[in-house]
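Going by the order they are written in, the chains are A, B, C and D; count residues from 1 in each one.
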Amino acid sequence: MKKILNDPNAYVTEMLDGLLKAHPDQLAFAEDVHAIVRADAPVQGKVALATGGGSGHLPVFLGYVGKGMLDGCAVGDVFQSPSAEQMLEVTRRIHGGKGVLYIYGNYGGDVMNFDMATEMADLEDIRVETVLVRDDVASAPPAEADRRRGVAGMVYAFKLAGAKADAGGDLDEVAAIARKTLEHTRTIGVALSPCTVPQAGKPTFTIGEDEMEIGMGIHGEPGMKREKLQTADEITERMMDALLDDLAPSEGDTVSIMLNSLGATPHEELYIMFRKAHEILGARGVKVHRPYVGRFATSMEMAGASITLLRLDDELKALLDAPAHSPFFVQP
Amino acid sequence: MKKILNDPNAYVTEMLDGLLKAHPDQLAFAEDVHAIVRADAPVQGKVALATGGGSGHLPVFLGYVGKGMLDGCAVGDVFQSPSAEQMLEVTRRIHGGKGVLYIYGNYGGDVMNFDMATEMADLEDIRVETVLVRDDVASAPPAEADRRRGVAGMVYAFKLAGAKADAGGDLDEVAAIARKTLEHTRTIGVALSPCTVPQAGKPTFTIGEDEMEIGMGIHGEPGMKREKLQTADEITERMMDALLDDLAPSEGDTVSIMLNSLGATPHEELYIMFRKAHEILGARGVKVHRPYVGRFATSMEMAGASITLLRLDDELKALLDAPAHSPFFVQP
Amino acid sequence: MAGVDVAQARAAILRVARALEAHKDRLTELDQAMGDGDLGITAGKMAAALTAYAADEPATTDVGTYLAQAGMAVNRAASSSLGTLLATAAMRAGKEARGQDEVAAADLARMLTAADVGIQERGKAKPGDKTIIDVVHPAADAFAAAVEEGADVVAAAGRMLDAARAGRDAVTPLRSRVGRASWVGERTEGLVDPGCEAGVVILEAIAATKEDT
Amino acid sequence: MAGVDVAQARAAILRVARALEAHKDRLTELDQAMGDGDLGITAGKMAAALTAYAADEPATTDVGTYLAQAGMAVNRAASSSLGTLLATAAMRAGKEARGQDEVAAADLARMLTAADVGIQERGKAKPGDKTIIDVVHPAADAFAAAVEEGADVVAAAGRMLDAARAGRDAVTPLRSRVGRASWVGERTEGLVDPGCEAGVVILEAIAATKEDT
């Protein structure tokens, strides 16, 4: 897949430069360390939410920095963790006196660096709590759920924890909401074609013209197995089966569902999948509330999609419905 | 590029089915004829706005049906005009007593069918005005501007005319705003890879691994010429030159700019291009107001991007800033 | 010589459907060279719509109404440029014969002319722009002239087909001036216009009436 | 025998940088087979950061501080799993020697152990999980044991390297249990762990001090 690029080494810097020029009213920038914060940060008297991770997943991560969601984000190179120093800088800039919650995906580099940042923040008397996102059911069996990768489901955690912080929750309450949200969240992906990391210059993996991989991660991590490409209905059914087995909603339950393109797969195909997913939920007596269909967590130009389910109770539903406003996520 | 598909012949029907299931509060559906209207249509006492065209361009066309934008949309097969009958059905369902404005792209099939629908609507005493979108500067020289294709610039026309209709404008006033908007709007695209029409089953065109085509249309219509792939800055500069030559804004003018992915090209690359476009405008003393960066008019999974400029005066600026709410376009 | 009735019109419609279906690939090829390559798909849709339309016994004996309704079926199924123009042609030709259970040579001449005018009004193109008009317009003129000179339908149809083919070939060296092909510019010079080719295919299928029915 | 001073630490840092740069492609290859294939990029970033760090005359004579700051430079430049673990290792080893203008064999043993502990605390993996720990842990133990037994630094370094290589080879048949490779599961059996390989490369470069300086 071809790219519109300048120097691959300047990819993230130029991307951030454009982003800041496009959203000057919403975002501010610690240019030297690639840290993005809300333009009005720190919001005094509110628990601050931070995330971070590699670039190449827009809108994840920094696209959710905004009112009702995140306060700041440390931006790594493509598919690379940002450093502890970047995370500390974000933490300092967003801390509004009520502590900081880190919500990010369960990847080695990120975990280690956020842990380092937590130790550093502690030295500066900033209280930090951490909630790891581990929603990808394909990355480990239920018994080893703490090894799972974090993928699109993190958006629900940002949204609901952000709403709780906006509603005046303290650090423990906001962290509890993030944890509860993620306990009720499951994701699975399917990849049809790879993407290219600009600095690497070649595709992250190879896959046959008639193949797909259900369960593949958003950096090309291995899924369940390489198979012949199936129909949209078959693919959706297999993905939904995996999710429903793991989440096990009961008849009468309500879920929100996120049909997410990994990048190249167009909206048209997402709606074709959504149609089938909706039908499967209906057949199980599970109701759908506030579905999301679009691009929420991508791998640049990778072809494929993921499905996320979030089982809602009244508390989570109210938080999901609260307004939010970031450059990539607007909910009136 | 691989697709997640069932029967290619059911592509549009299944896509619409999913769309209606995802947005039941916002959209309603004349299922048999593939006509989408606002759930609250007809809005009495408001000029109604309709568009239509082939599928495969989401969010264009139907993604802009919603408050502050369009009232209805006739949905064709992929890259195929809908029929006059579909357009008439939309027209009937949205007419709120103040007439109907058709805004759509200048393509033969669409023009002929909307003209037929206009004649039919006339028999039913529904007054219809038409504004053709012809914003693609690459498709004909300025002297033959009425032959130009309609591409992403139509979104500005939907937005501003929709705002005028919301503000109580009558049919002539709303049509005048649509015309004025389009007089101030110019677009150019660049394509890096083709897309595949499901029913055709093969790519719409072929292009070398190291090639691009500046000026290509959103169905793969020929552009200026096939060239070696250049850097993001070079591509952006050439596109901006073509737009600025044609639009000729003066120092001190204000424009809105839309950096639009044709589908596969990720947000990251759009921001890299936006950065350069912003710099070029700055160097000319042209100010940027309310930029849009994302996917607004696509060709399914085509790789490439388009840039649209809209020169604003106070009237257009106020209409651009007005709120809008459709499944694909939310502006608080 | 008896005129054309609904049964014969129905047979002609089925012949047109078969001819369009048979020429799908050729039309796609031509449309790929200077358009968007969908004309084969459009031809297939028109063929299917016409076949479905003519599958039932005609509900009317009125040739005009029968033909106009075929045009509406075509528009519903195939609303690309050519689909819409051909639907318009059928509707206008049908309107010209409304109320007639049989149409004679002179009626056919008027119907062809109405189709020609309809295509020009709908598409706003003129002879010489290198479109299907460059087939239909000379064909209608030739048929009318032949009928005027006293030729029977078969002979008039022969002259019509000669004019149609000559019209197609005459514009082949020219540059396309309207529709998608106009964006391709000088690269269209020397290429057969796909709409012209479709026009010839359809007129040949219609003209076969008098021999095969 | 004199201890290691800042000048020698700086020379060792430059040797590590050169070794990482030289082994980039090999590390990428190994990381492609069971990870995300970026370890060569990470190695290049670490090499560049270390080279830049050691380009200036050291601003301190304190070996510990000098080494800890090198670790911070590595973390800023390369914050992948291994980059962070190695940065942590350097910071912990440096902390252990803070305030010393020279470090002797026994200091080096403590520093290596601190690095080992640091990596385990930071990454929360254990020996046998098939990570760089399976190189660093036995290497630190072997060095400490040799020093305990009265070996000089050169001899202890030799035993350290033997243990490091043996540690890498011992886990190659096993299945990876942490990090990206754990998602690849049984397909990792028989493959050399990229972090182990990097660990051996780095320790070899450090150990070369005593011979080349």
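The working rule: a residue touches a chain if its C-beta (ideal position, glycine included) is under 8 Å from a C-beta of that chain, and two chains touch if they have at least 3 such contacts.
In this text, all values refer to a predicted model and were calculated from it rather than measured experimentally.
Asker: Measuring between Cα centroids, which chain is at the maximum distance from subunit B?
Answerer: Of all chains, D has its centre farthest from that of subunit B.
Asker: Could you give the separation in Å between the centres of subunit B and subunit C, each centre being the mean of its C-alpha atoms?
Answerer: Their C-alpha centroids are separated by 33 Å.
Asker: What whole-Å value do you get for the distance between subunit C and subunit D if each is reduced to the mean of its CA atoms?
Answerer: Centre-to-centre distance between subunit C and subunit D: 80 Å.
Asker: Centroid of subunit A to centroid of subunit C, CA atoms only: how many Å?
Answerer: The answer is 56 Å.
Asker: Determine the centre-to-centre distance between subunit A and subunit B, using the mean Cα coordinates as centres, and give it in whole Å.
Answerer: 29
Asker: Counting only residues that touch at least two other chains, what does the list for subunit B look like?
Answerer: If we look for residues of subunit B contacting two or more partner chains, we find none.
Asker: Counting only residues that touch at least 2 other chains, which ones in subunit C make the list?
Answerer: Where subunit C is concerned, no single residue meets two or more other chains.
Asker: Determine which chains touch and list them pairwise.
Answerer: Applying the touch criterion to every chain pair yields A-B, A-D, B-C.
Asker: Residues of subunit A touching subunit B in their complex?
Answerer: Residue positions touching the partner: 1-6, 11, 14-19, 21-22, 55-56, 58-59, 63, 190, 192-193, 209, 212, 229, 231-233, 235, 263-275, 278, 288, 291, 293, 295, 298, 300-301, 303, 305, 325, 330-332.
Asker: Across the complex, what residues on subunit C touch subunit B?
Answerer: Contact set of subunit C toward subunit B: 36-38, 41-42, 72, 75-77, 79-81, 83-85, 88, 122-123, 178-180, 182-185, 187.
Asker: Please name which positions on subunit A make contact with subunit D in the complex.
Answerer: Where subunit A meets subunit D, its residues are 76, 79-85, 107-109, 112-113, 115-116, 139-140, 147, 149, 197, 199-200, 204, 217, 219-222.
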